[in-house]
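Letters A, B, C and D mark the chains as written, and numbering starts fresh at 1 in each.
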């Protein structure tokens, strides 16, 4: 994929988060990486969505050196970069303040697999990070946000649980492609909505059987997937 | 009705579930049966709704033998087939992950008749299935989903209670025609929304008097129906 | 106003209830009365809203004698007629199953004045009827629904509290004109939404001071009203 | 900015509150001040939004003397004027009955900083006023509403907490410009929605660390702001 195509795909991912009701104002940002060149394309900072074009997308390397000088990158760039460096299977990252995912992030409430909607996309509980320390917040805050996500996944597989709730902030979601990351962010909001309402009605928050979790996740993902049309 | 007309009706039922806000992504599927020929028409698996045409609809017989080879049928086909075989009055089946019906399915919470909106379409409590056993999940899962629905209706009438919540999954809904199944799925989501909010405010979940349940259901259904225009 | 104009106004009131999100499917109906002639114009029964024209509106007298033979009137006609006979200040009646008003009706939960939004349109608590008896339900149910509303207003003023929640059913709302009834039905749903959420957060359901209730209601209604532009 | 430009900006702010889902019916009003001349431009009273033009905007001085005679100003004008006189940094004021902000105002429930969405726009808890006394309500009610807001901010900075919930009524929000006030009103509704749901799930209402509140607010506001593009 050319750099221009990647910019277009990142633009479309950003616009899709707005269209899918995940982002208001300028909250939220999407990026993607070209693994061959190590170039990362990300939304610019604070530009209204209705004036955003593919040309506005900012290119940086994996160390955060901006490779063009037109616009300032998203203020969350360093978080994205930490994820790209730590999770080699990730091709795109999306951050939103979508309603129910943010509510649960604010409540420090992980999302257990309560139904097959969850199991179709996330192979286990979606975790919440710890809060950053005052020191982390006042020094290199944006990078520390990425690092606390990586810390949270020390014993988890980011390829099968492609989302996290950052404590007191909101969700970061990823995928192999921008389209997949958009889909994961959209489904995350849906399962967060289901989870909030389920936890309110049944504080015990019943989880689905492990066999059902496996059955649904594995029919859509991995070598044995049978869902969809043969490609 | 010709097979082409049935494909068109099934396509429209699938699109209506999206338009009525019952389905996001590719969750959900609608089918219908031609009782004369025993042919079942169902949505293909994993095809985006905006690219779906009547030609994409897959035809199978009641044993699941696909009668054309163009596309893979919905991964839930076998559940639909069990329902067509067990419930002779059913002409169309719809599965969605609509918000409140899914939340209640995840909470294993049946929907009692709390108001006349419910009574206009469902003549009693909408039940929840038991969870499938690990053995059922790991062997013939999709067929077992249909069988646990039939088991749930052992002492219930599927013609007057045309919906069920599958535990940890979501609703299956049916009707004599695709249009009726769409309407039942839409009203189910509405009464599920009412039920969730009512159970939160009044944990006792007050039900309507039996006489009111009968009055509303029977003025819209059966030989004595008086609702609507004479046909 | 000519009968044709009244039909047009009733059609528009019915369509406005759909447009304002108060009605799905064919739930809901609006009517109006010409007090000079005693003629009542009401929606037909079970006709989809997108095929409804002014010509579909049914005309009856105050005793329910249909004055034209084209279409069957709304199944709730007799409830409307009881209200027109009992409440001389009422010029239009609307029935909906709007979400939060219906939820509170199902919970037998009156709506106290918890804020100025309520006070701007309703001068006190919006009451809930008692449930009808089995005898009332099995004999002349629709008329009995009207009569239990009138009973509920024995000590209330329908001109300053233009709405009621019918137990286990949903709201009936009225006004001097179809436009006013539509507005009252829309605001009722809004204050019902506020009330449900307020009662969940603060079970004590704090009410506004009596002076604030009077101040807001009376600046919009009655001889001393100062709201809006001079007419 | 000319008076005509200010009228246009105030019109657009009023229309934006409707477009952003903050206002139904004719609830809500927006105004702005030209600090050089002391002229205030505000929405007229009770005019439907779809018939509102820039010419309808009413001009008054800071003492409430209407400088043109065409239309009656918003019934809340005197509240706006108190805020302009007391808060010299305020250039525009918006009042709405937006859903969750109003629900919390009715519950007398302040909004603590529970997440970074809040911190990006409000540098601390959004307060609730006390209820007005019967005497205040029956005498100069609208002015008293402004005065109780000013009283509530005796120890708070209106430039960094640009919103308040008026007890039993709804939010007043402000900003340096009409555009900023619209944004603040929109974000207020979002954080109120987050807060209601968070308080329901976790009655303790966890707040974010003080360092995180500072970090997010100060990267968007004040001399050290780094968010957005260089101007």
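Everything that follows uses one rule, which is that contacts are C-beta pairs under 8 Å (C-beta built on N, C-alpha and C of every residue); 3 or more make two chains touch, one makes a residue touch a chain.
As the structure is a computational prediction, the values presented were derived from the model and not from experiment.
**Student:** Looking at the contacts, which chains touch chain C and chain D alike?
**Tutor:** Correct list: empty, since no chain touches both.
**Student:** Given that chain B is a copy of chain C, what angle of rotation, in degrees and a multiple of 5, matches their CA positions?
**Tutor:** About 90 degrees of rotation relates the two copies.
**Student:** Relative to chain B, which chain's C-alpha centre is the most remote?
**Tutor:** D
**Student:** Compare the two sides of the chain A and chain D interface and say whether they are made mostly of the same residue numbers, over half shared, or of different ones.
**Tutor:** different
**Student:** Using mean CA coordinates as chain centres, what's the chain A-chain B distance in Å?
**Tutor:** Those two chain centres are 33 Å apart.
**Student:** Measure off the straight-line distance from the CA centroid of chain B to the CA centroid of chain D, and report it in whole Å.
**Tutor:** Going by mean C-alpha positions, chain B sits 47 Å from chain D.
**Student:** On chain B, where are the residues touching two or more other chains?
**Tutor:** 200
**Student:** Looking at the whole structure, which two-chain pairs count as touching?
**Tutor:** Applying the touch rule to all chain pairs gives A-B, A-D, B-C, C-D.
**Student:** List the residues on chain D that touch chain C in their complex, please.
**Tutor:** Listed in rising order, the residues are 24-25, 27, 44-47, 71-72, 75, 97, 99-100, 102-109, 131-132, 134, 137-138, 141, 168-170, 196, 199-200.
**Student:** If you look only at chain B, which of its residues touch chain C in the complex?
**Tutor:** 114-117, 120, 183, 186-187, 190, 193-194, 197-198, 200-202, 206, 208-212, 215, 219, 226-230
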